[in-house]
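Letters A, B, C and D mark the chains in the order given here, with residues in each chain numbered from 1 onward.
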Amino acid sequence: MESLIMLLAAHPQRSPNTGLIEACAAACYSCGSTCAACADACLGEAHVAELVCCIRTCLDCSDVCLATARVVSRLTQPSPMLVEAQLMACAEACRICASECDAHAGMHAHCRVCGAACRACEQACRELLHGKSMS
Amino acid sequence: MESLIMLLAAHPQRSPNTGLIEACAAACYSCGSTCAACADACLGEAHVAELVCCIRTCLDCSDVCLATARVVSRLTQPSPMLVEAQLMACAEACRICASECDAHAGMHAHCRVCGAACRACEQACRELLHGKSMS
Amino acid sequence: MESLIMLLAAHPQRSPNTGLIEACAAACYSCGSTCAACADACLGEAHVAELVCCIRTCLDCSDVCLATARVVSRLTQPSPMLVEAQLMACAEACRICASECDAHAGMHAHCRVCGAACRACEQACRELLHGKSMS
Amino acid sequence: MESLIMLLAAHPQRSPNTGLIEACAAACYSCGSTCAACADACLGEAHVAELVCCIRTCLDCSDVCLATARVVSRLTQPSPMLVEAQLMACAEACRICASECDAHAGMHAHCRVCGAACRACEQACRELLHGKSMS
């Protein structure tokens, strides 16, 4: 996400709290990409029938994270209530997906990686929601 | 969305309240496609500078609606809290986009069409949230 | 897709051949939504392990169709070569997904519905590529 | 994209040439996120009317890149012809968007960053298409 961070640094509507926005957008793209790949990794496991709930939750979380990533990374005339509602939905999707992936983390390394990405994204969403500095 | 409705009718996990889900999924896809096209129509207007906020809001609403459409139309092992959080975000995105588009409805027919799609989608999201029958 | 068609009718950059574009955009959204739901329906079947290839192909086709739908439905300053390349990719995704779904059409009604949506979308993409009237 | 790379390293269907796939998937997510933000940055410029073509091209390229990213990063039972067709479309979208962004690179730093991301993504798509090592 180096390229995205460089782009936001050159954005004409950049504001003082863009640091939290950048961290959140990067976490959302990272989690959205990781969840899509974890759904596929689960689909490639021999015991796929035991991973149906994990696949479904990862697909949802991927869709929600990528939509949130785009919304959050738009700095021109944002609607604070729209951004807030989507951040809350994304934090919830990540919390649920992390919990589901953690249940298989001992068995599947990809679920361990995905659970960590979800928790990092949930935290980045909550920090942007509450305007807390991450430094 | 005829094809989607036919597909959901043949879904192995179809449940009694799938009617509300179908209506909501169809409204989300319809609104998501309409908002993407309205952003582009605004971009094609001679006075594009006056429509910057409308373009941005339509792009957000399109992304949120299409993600919500996918989440809602998955019937296999849904996470009620994830679905609920995303429906609330979508209803909010639609409410805000309808309000923005309505402000230009007298000037631009595409904003009038888009505002109507947003209001219909907001209502479908709220009806699914509250489990009310649409009949 | 009534709302999308109405919006494109009010688009400031509407051109004479917008009829083929409208048909293609509607088919892409329809197929994209149907494939996402077919992947989920396959995931909800008792014998999910036999449907892994179908799920994966449907997920790909859904992503490709929804991206194509947005590209095609933008009428403002399109890049003909970009549109053409994406239409070719979409027609190919639909051809492959139709073939995969058809293989299970006797067993699963949702695969029959999805295969039909894929074939209709492939045809709409090819008709727009070749500028043929659909009437 | 560290998290995605770690996930693919733990994928049960990982194959010898996954290195090229990882590089391409990461480049597609990076370019898709950067183009979405560049469209928004252009929208936030005072002279937005002069950037209409750049906004439209960036929106297209973002949609195509994110769809391609998902298709490419799925390692379970891929359809080589579908992957190839989508990679060709993505390389073309990136080529066109790089050319458009480069035209404003002297004026807008975000277009310079976006043009570079597009060229890197075009190259990664072509290297995966031709199976060339990136080392």
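Heads up, the rule we're going with is that a contact is a pair of C-beta atoms (placed from the backbone, for glycine too) under 8 Å apart; a residue touches a chain by one contact, two chains touch by 3 or more.
Source: prediction; values computed, not measured.
J.: Counting C-beta pairs in contact, which chain pair has more, A-B or B-C?
T.: Here the pair linked by more C-beta pairs in contact is B-C.
J.: Same or different: do the copies chain B and chain D touch each other through matching residue numbers, with over half of them shared?
T.: Both copies touch with mostly the same residues.
J.: Starting from the mean Cα coordinates of chain B and chain C, work out the distance between those two points in Å.
T.: 19
J.: Between chain B and chain D, what is the gap in Å from one C-alpha centre to the other?
T.: 27
J.: Find every residue in chain C that makes contact with two or more other chains and list them.
T.: 40, 43-44, 52, 56, 59, 66, 70, 74, 76-77 - these are the residues of chain C that touch more than one other chain.
J.: How would one label the connectivity among the chains shown: line, ring, star, complete, or other?
T.: Looks like everything touches everything, fully connected.
J.: Any idea which chain A residues touch chain C in the complex?
T.: Residue positions touching the partner: 39-40, 43-44, 48-49, 52, 55-56, 59.
J.: Considering the complex alone, what residue numbers of chain C touch chain B?
T.: 1-4, 6-8, 10-13, 25, 29-31, 33-34, 36-38, 40-41, 43-46, 62, 66, 69-70, 73-77, 108-110, 112-114, 116-117, 120
J.: Quick one: which bits of chain B touch chain A in the complex? Just the residue numbers, please.
T.: Contacts found on chain B: 52-53, 56-57, 59-61, 63-64, 66-67, 70-71, 74, 76-79, 81-82, 85-86, 88-89, 92-93, 96.
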